[in-house]
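Shared chain: subunit A. Partners: subunit B in the first complex, subunit C in the second.
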Partner chain A sequence: MNAIILSALLGVVMMFSGIITKNKSNITKIAAVGLFLLLVANVLNTYGGYVVHVDTHSLLNFEKFGLFFNSIAITATLIYVLLSGKEIENVGVNTAEYYALIFFVLCGVSILSSFNGLLMLFLGIEIMSIPLYILTGTDKRNLKSNEASLKYFLMGAFSTGIMLMGIALVYGATGTFALGTTSISPSAGVVKTSFLEVAGLLLLFVSMCFKVSAAPFHFWTPDVYDGAPGVFTSFMATIVKAAGFIAFIRLFDTHTDVLGPTWKILLAFVIIATLLIGNITAVFQQSVKRMLAYSSIAQAGFMLFALYSNNDFAKEGILLYATAYSFATIGIFAILIKMKDYTFDGFNGLAKSQPVLAFANTVFLLSLAGIPLTAGFFAKYYMLASVVKTGGSLWLVIVAVVFAAISVYYYFRVIQAMYFKEGEPETTTITTGFKTGLVLLAALIILLGIFPSIVLNYFYF
Partner chain B sequence: MIPVLLILIPLITGLVSFFLNHSNTAKSWALLSSFITLTVAIAGIFFYPSQQLAFDSAWLPDLGSRFSLSMDGMGKMLCLLTAVSFPLIFGATYKNQYKNPGGFYGLMLLTQAGLIGVFVATDALLFYFFWELALVPVYFLCSLWGGEKRIAVTFKFFIYTFIGSLLMLVGILYLYFHTPDHSFALRSFYNIKLAAKQEGFIFWLFFIAFAIKMPVFPFHTWQPDAYEQSPTSTTMVLSGIMVKMGIFAVVRWLLPVFPNASVQFANIIIILSVTGMLYASLIAIRQDDIKRLIAYSSIAHIGLMCAAMFSHNKTGMEGVMIQMFNHGINVIGLWIIADVIEQQLGTRKFSELGGLAQKAPVLAILLVIMALANIALPLTNAFIGEFLMFNGLFQYNMWMAAVAGISVILAAVYTLNMVQKILYGHTVAATENAVDISSNVQWVLVVLAIMVIALGVYPQPLINLTKDTVNAIMVNR
Partner chain C sequence: MSTTEILFFFLSALAIFSAIMVLVSKNPVHSVLWLIAVFFAISGHYILLNAQFLAIVNLIVYAGAIMVLFLFVIMLMNLNAETEPQKHVWMKLAGAVSGGCFLMVLVSLVRQATDMQHKTALMKDGNIGLIKNLGKALFSDYVVPFEISSVLFLSAMVGAVVIGKKE
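Let's turn to the complex of A and B:
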């Protein structure tokens, strides 16, 4: 509860901070302090400390899993603001408002990690999405940014409509918004599923696939990620996406038995389609930013495994995956938006001119590719292990590792450009603080790659 | 504690090396580090009590994985090979100049750490970690300091081996969930009983990973290009030590874990290996490039080792053990000579060479010794190994052994042809002003030549060293 209330309040505070100070870097500092407070409040909540106690009438359920995800999301946002704060200030004139929107997104994220009913799911999705539509269009004079914003809004509105339809149908079948109640009557040993509930759940599934950009509902992703200002793409592709997955898993944690064996087939189809489209299309990109958009689709394919296997390994794994993926992607975007040229060739020779950046970027890319000694390896490891643990479906795991090997191709293209090609990459000014931040983030990723238990032990306590 | 030291010394010195900018400092640092590793390896393996050779500590308790290292006979021998090779490689290429030397030697030492880790890990997840740790630095070494086509070639090599490793990872995970105590420990893996169908399936997941690394036909296509384009000192590591990872892994992780499948599929694998031997030997005859010739000849030798491993008898296995060490020594010797010729004369093509024996007699003598070892002439080290392996293969199937035997003749054809074209005949433009090899290369080659002859006359130490591994494999069956 702490995180929901405090993030909403901090959003309001950020709006007013624009009146108090005109100095943009001060606003960033206020935001960073706010995020830190938010983190402290959420950690307190995890150990039972409440700022205010609100009876939510079981609309929200604050369990360790969700609260811990909040901590990850807030930490990732903090890292993001510390690394890319300068760029947020440079997007436009309304810096305070951007931060306010980011805090509102976090409010939506905290609801999504703890919802216990379909209504709260809807509220969370909307609170998270609407600020994002605005953030996408913040580069007002750029036609691509406007296009992206409009596209995102239309697609988002459409999928929200589908979600509402699904919620209505499920409500019609079960008579409640609460999760975990189904229309299956346990009596007489005959499983009788209600058509309304199955249809409703399928609509919910489709709308959630939209939100996490799983194929074949991914078409908005590349354009939106490409059109939005780089800093906000970074935020969307990491924290928001991971939150979408947490919501997805919470939603379908208990409902899968209604759908029967078809569920696994459906999901396997979506997973393979997502991996295929994400990986194969990423191979052919010329712009690193667009490549990262497709790579985020490909990574979504891996995260869907948590939904597929739905066991304890999957729960732990998705937290680790969210951490590893967010940290690495935030790092890469922080470097990318310092570059003048977003194509692969723009990175040529970076290792010569900016060795620290190139090194950190290599660690992030290796982590996304899932090479051992980085956090990304254990993230992928947990996802694969969770599926192997279910007993069958070994073929799906083998398909996944083949795609993981393909992903090496496009991640390594950046490494090749940086280290093995000659060039004079142009960057904006790079401060020592930024470099230090990147190296610390890279060190964190390597540390998590050797001792992933740091994240997971916390979850167990 | 010894295996930990053997990993940590190159790891730490390697990391330090990245900060050394001066060429000579980096070289001396790497040479010093590799000598310390060698000393520790010799002292640990021959003089310390054997309980020092194991190490066990908690690593990932939630996952059931421990940081456990231990050395059996084969592990000892391969650690020794790694420890001996690196000072020789550094010594022989001491005069070579690299841009960014600190990075070069740093990555070489990291590779060494990964290799030793692979040879001593007794936990499957840890083994996988080291398996990859050995690969990533090599990728950078080849891509940064390699030849013209290095980027594409090395990339192919990386993706090839990475697919293999990932398949192996799936296999490891599958086995993990079938261990009674949910553990990655080697001992638990040995106790797994799988149904025949599953065993066969998982067997191939592992075998493809190892077959790519060795490489066995038809997974070999990355190898000649990668050997040719890599900087020669990296090629020495690749072909001298890294291919042994594949063979080692089969003996350590495949044969005992999948006893039934490895008998069931032995026929297919031996046919593939023997085909690869003939195929590679025939291609080697047509080569005009020293490096490519050695690369193909290496495929042929590895094919024999793979076939002998799967012939499932003690003689063959002893041969494999001996040959793992000896092939490392011989092939490094050949690469050193190839490197010397390329550095000095600027070409690796036989058609542009000739008459070198008149200008560089010492080189000529040493090249002939290495070449004879490559053909496995009696009194050279390779003879004993190949003899035992052919013997083992013969016990398994006479016809296979007969077909494989053709490759020995072919080996003589291409190796002697190479020697003849490089050393004899009239001097040509390239060799007109050639001088003999410098003293550091000479010393290294003399050491190698002594090892070639000494182990050829008296191979018993190697057989004794690896006796426990061979017996354990045979008991398991």
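Let's turn to the complex of A and C:
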């Protein structure tokens, strides 16, 4: 509850900070301090320290899993603001409002990590989505940004409609918004569920797939990620997407029995379609930004494995995956938005002119590809191992490994351009502080790749 | 047939007919007017269920405010039958197939839902939809979502200012 209240309040504080100071870098500093306070408050909450006690009538359920994810999301946002704060200031004149919207998104994230009913799920999804529609369109003079914003808004509104239809059907079948109250009759061991509930859950599944951009509901992703200002793409593709997965897993955690064995077939189809479309299309991209958009679809395919296996191993895995994926992608985007040219050729010869940037970028890309000694390797390992543990779905693991091998190709194209091609890459001014931040983030990713238990142990203590 | 049943079937037929007309009409202004008819029919259903508050709010918010906004947008953009973009034939086919599949799921759902078939909605004697009970539920059991939705509206307002303000 601390995180929900404080992030909403900090959003208001950020709006007022725009009146108090006109200096944009001061606003970034206030946001960074605010995020740090938010992190402290959330960690306090994890260990039983409440700022205010609120009776939520069991509409919210604060478990370790959700609270720990909050900490990861807030830490990732803090890293993001420290690395890319300068770029947020350069998007437009309303810097204070952009930060306010980011805090509102975090409020939505905190609700999604602890909802205990479909009503709160809906509110959380909307609080997370609406600020994003706006952030997508903040580059007002750029026609592509306007197009992306409108497209995202219309498609998002449509998927919200589908979600509401699903919620209505589930409510009609069970008579309650609460999770985990299915009408399973204990006698004879036969699962007898209402057809209304199954249909409602399918509609919820479709709209959640849309929110995490799983195929075949991914069509908005490349255009929106490409059209939005680079800094905000970074935020959307990492923290928001990971929060979508946490909500997805919390929602279907208790409902897999209702859907029966068909559920696994449906999910396997979505996973393979997502991996196929994400990876194959990413191979043919010329722009690194667009390649990262497709790669984020491919990574979503991997995160869906946590939903498929649905055991304790998967829950640990999704937390590690969210951490590894968010940190690496934030790093890559921080470098990408410093470049003048977003194509692969724009990276030609970066190792000569900016060796530190090239090195850090290599670590991030290796982590996304899942090469050992980086955090991404253990993230992928946990995902696949959780499926192996459920038994019987080995073919799906083999398919995933093949696609992971394909993904190496397009990540290595960037590394190849940086190290083995001649060119004069143009970048905006790069400060020593930025370089230090990148090196620290790269070190963190390698550290997590050697000792993944650093993240996982906190889950239990 | 009792009066309630006659009213129910009349309103249902009206709602379905108007909804089909929304889609079939070539002129966008006619579509909007038919949509208002849909909202009136649905409000009629709410009144049959003894939920007067919901019925009035549905009329004020949807038929009153949002539809007028729709009309303004359509008139400002000068949309009419001629400017309607022509869809590719494959797009139409894909839409018809996927929409048809969804319709089949919903129809079979109603047919197969044996647990719903002998239940009827509470007609006119239920008082759960009255404003007094609604207010009590909203400010006791559902006070947390009620308060949290303020964040949603605040972010929408901030967004409107950020997008709309001249730089």
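Throughout what follows, the second predicted complex is superposed on the first by the 457 of 461 C-alpha atoms of A that agree within 3 Å, B and C clash if a C-alpha of one lies under 4 Å from a C-alpha of the other, contacts with A are read in each partner's own complex, and residues count from 1 in each chain.
Going forward, a residue touches a chain if its C-beta (ideal position, glycine included) is under 8 Å from a C-beta of that chain, and two chains touch if they have at least 3 such contacts.
Every value quoted in this text rests on a predicted model; they were computed, and no experiment measured them.
By the touch criterion defined above, A:Y294 reaches neither subunit B nor subunit C. In the superposed pair of complexes, A:C107 makes contact with subunit C only, with no contact to subunit B.
By the touch criterion stated above, A:F248 is placed in contact with neither subunit B nor subunit C. When the two structures are aligned on the shared chain, A:V408 is found in touch with subunit B, with no touch to subunit C. Contact with subunit B, but none with subunit C, is seen for A:F420 once the two complexes are overlaid on the shared chain. The wider contact with subunit A, measured as residues touched, comes from C rather than the other of subunit B and subunit C. Contact with neither subunit B nor subunit C is seen for A:W220 once the two complexes are overlaid on the shared chain.
Of the two partner chains placed around the shared chain by superposition, neither subunit B nor subunit C is touched by A:F62. Of the two partner chains placed around the shared chain by superposition, neither subunit B nor subunit C is touched by A:F327. Taken together, the subunit A residues at the contact with subunit B in this complex read 366, 371-373, 381, 384-385, 388-389, 394, 397-398, 401-402, 404-405, 408-409, 412, 416, 419-420, 451-453, 456-457, 460.
Residues 60-62, 128-129, 132-133, 136, 140, 143-144, 150-151, 155, 158-159, 162-163, 166-167, 169-170, 173-174, 176-177, 201, 205 of subunit B are the ones that touch subunit A when the two sit in their complex.
Subunit A makes touch with subunit C in their complex at residues 4, 8, 11-12, 15, 54, 56-57, 59-60, 92-94, 97-98, 100-101, 104, 107-108, 111, 119-120, 123, 126-127, 130-131, 133-134, 137-138, 140, 172-173, 194-196, 199, 202. Contacts from subunit C toward subunit A in the complex involve residues 105-106, 108-109, 112-113, 115-116, 140-145, 148-149, 151-152, 154-156, 158-159, 161-163, 165, 167.
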